[in-house]
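Shared between the two complexes below is chain A, which pairs with chain B and chain C, respectively.
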Partner chain A sequence: MASTVIGAGITIEGEITTDEDVVVAGTVRGKLSAKEGITIEHGATVDADVAGASLVIAGALTGNVTATERVDLQSGARVIGNVKAARVTIADGAQFKGNVDMDV
Partner chain B sequence: MAANVTVIGRTTRVHGRLTGASDLEVQGFVEGEIVVGGDVTVDAQGIVGASVRGRRVIVRGAVKGDLVGEEAVLLQDGARVVGDVRAPRVAIAQGALVRGYVQTGEGDGAPARSARAQSAARPAAARPAAAVHERAAVAARAPAPAASPAPPKVAVKPAAAQERGAAHAASGTNNAGPRRPPPPVVPALKKTKGQIAKKKER
Partner chain C sequence: MAQVRTTTRGGDTREARIGGGARIRGRIHGEGDLVVEGQVDGEVAIRGDLTIAEGASITSEAVEAHAVTIAGTLEGDVAATGPVRLAPGSRVRGNLRGTAVTIDDGARFSGKLDCEFDLPPELGGAPRGDARGRPPARR
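Our next item is the complex of A and B:
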């Protein structure tokens, strides 16, 4: 399945909605919502509420994160915001500030 | 830092501005201004609802907005553009649809606007300004998706005029100068295309 790639030199200010995978290496401000996975690469800046199926975050994210499956914060991630998912992993080296809600 | 290509996938909808320095390919829906420093390609399924500005703008899909290219604007088969097109070089290939003002050349120069249509086959070789095959393009598709029959004929005139301006440059006559209103009656046009005369009456 094709994926949407937001490259390193691109800034998107607004809402993004998609049915496919998203890889963010640039800057997103606003809202990002995908039906499949979202990968926020190291070096990306996301000032948005992010919603998806499974999220892998290795960049800077300020905003709430909602996933229907899982959220993985990798080393190098900087997340400020609430995370809501059934499964959450925060790797060593990830920075995080916010609530974690695992639907318990 | 490599200039990655940003791809807006087929099912993606972006409501907002897109700015940046790298290349961009739109296969989905973008409703918002696009201003990038690299090339912009609007694929056949791509739809852009606002103006696009890039170094080279290549359109195979639908754009409702102005297209401004720093270097060139290429409208390929399948392109449907409602809006102005401005670039040093504009190419409108057979099958492309345009409704709007088309201006080639540097921004300051007078628009190559005069109203005598040469045959579409005359190449604008000496001047890389325009490679227009508008006659075939307009004839190829009568039902424009976004327009009634009248507007494509409006588009023929500026496109035809720019081709004539290019032909003039090829023959050495400089058409650039202060803006002039287009001459009202054009014998050649009147002979070959009655619709242009009808447009004159509008």
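Our next item is the complex of A and C:
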């Protein structure tokens, strides 16, 4: 189980910073940064710039995404913003609008 | 090494937890229970139970929840719709309101309590004086 879980009914407006991993099933507005993995679950709404080691996105995200390892947009994800990571996957069924920067 | 959960439809998503390494500056609100193990600087208003774990700290203008259990540090006022409990080792500075307030041995608290209950008769109108009698001076 993840260290920090933002449950489906919970909204956080502000800045979240953590050394550990984060699962978002609710709503986050502001800024989200973790030193480890970030999972944005199906049904979650994130209106924030997101930075982490590796990101799995299945929910709705508006904001810029930066990962030190990888970003995976899963089926059902809806992302508006720029994605910066060395490895990026976009699954069939994911919606994405923005730029990808793999630092080539 | 980061670990990523790949499940996207978790079953435990009614619960919310702020882990020990996490710090939040801002407002937390919504429905469901919340466990804080890290640091929160800002308002908390949830319709659910709030647990402030040992080692956690919350600095807040206002904390609103149903039942509130505090084992960590809290600076701010609590308005609970259920019981409030200060566990051993907790440090609380602020005013507490709830249907009941429990302060355990080893809890440190400074503030005002606001909770409605009937005083037992011995505290209601007992004449004082006898209880504070000092032992007669020896000679």
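The definition used in the following text is that the second predicted complex is superposed on the first by the 102 of 104 C-alpha atoms of A that agree within 3 Å, B and C clash if a C-alpha of one lies under 4 Å from a C-alpha of the other, contacts with A are read in each partner's own complex, and residues count from 1 in each chain.
By definition in this document, a residue touches a chain if its C-beta (ideal position, glycine included) is under 8 Å from a C-beta of that chain, and two chains touch if they have at least 3 such contacts.
Source: prediction; values computed, not measured.
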Combined model on chain A: chain C and chain B, fit or clash: clash
Which superposed partner A:Ala91 touches (first chain B, second chain C, both, neither): neither
Chain B versus chain C as contact partner of A:Met102, first or second or both or neither: neither
Contacts of A:Ser3 with chain B and chain C, given as first, second, both or neither: both
Chain C versus chain B, contacts on chain A by residue: C
Touching partner for A:Gly26 - first (chain B), second (chain C), both, neither: both
Which superposed partner A:Thr11 touches (first chain B, second chain C, both, neither): both
Those residues of chain A which chain B touches in one complex and chain C touches in the other: 2-20, 22, 25-26, 30
Chain C-touching residues of chain A, taken from the complex the two chains share: 1-23, 25-27, 30, 35-37, 39, 41-43, 52-56, 58-59, 69, 72, 74, 76
Interface residues, chain B side, partner chain A - complex: 1-24, 27-28, 32, 36-38
Chain A residues touching chain B - in the complex, by the definition given at the top: 2-20, 22, 25-26, 29-30
Partner chain A, residues of chain C touching it in the complex: 2-10, 12-34, 38, 42, 46-48
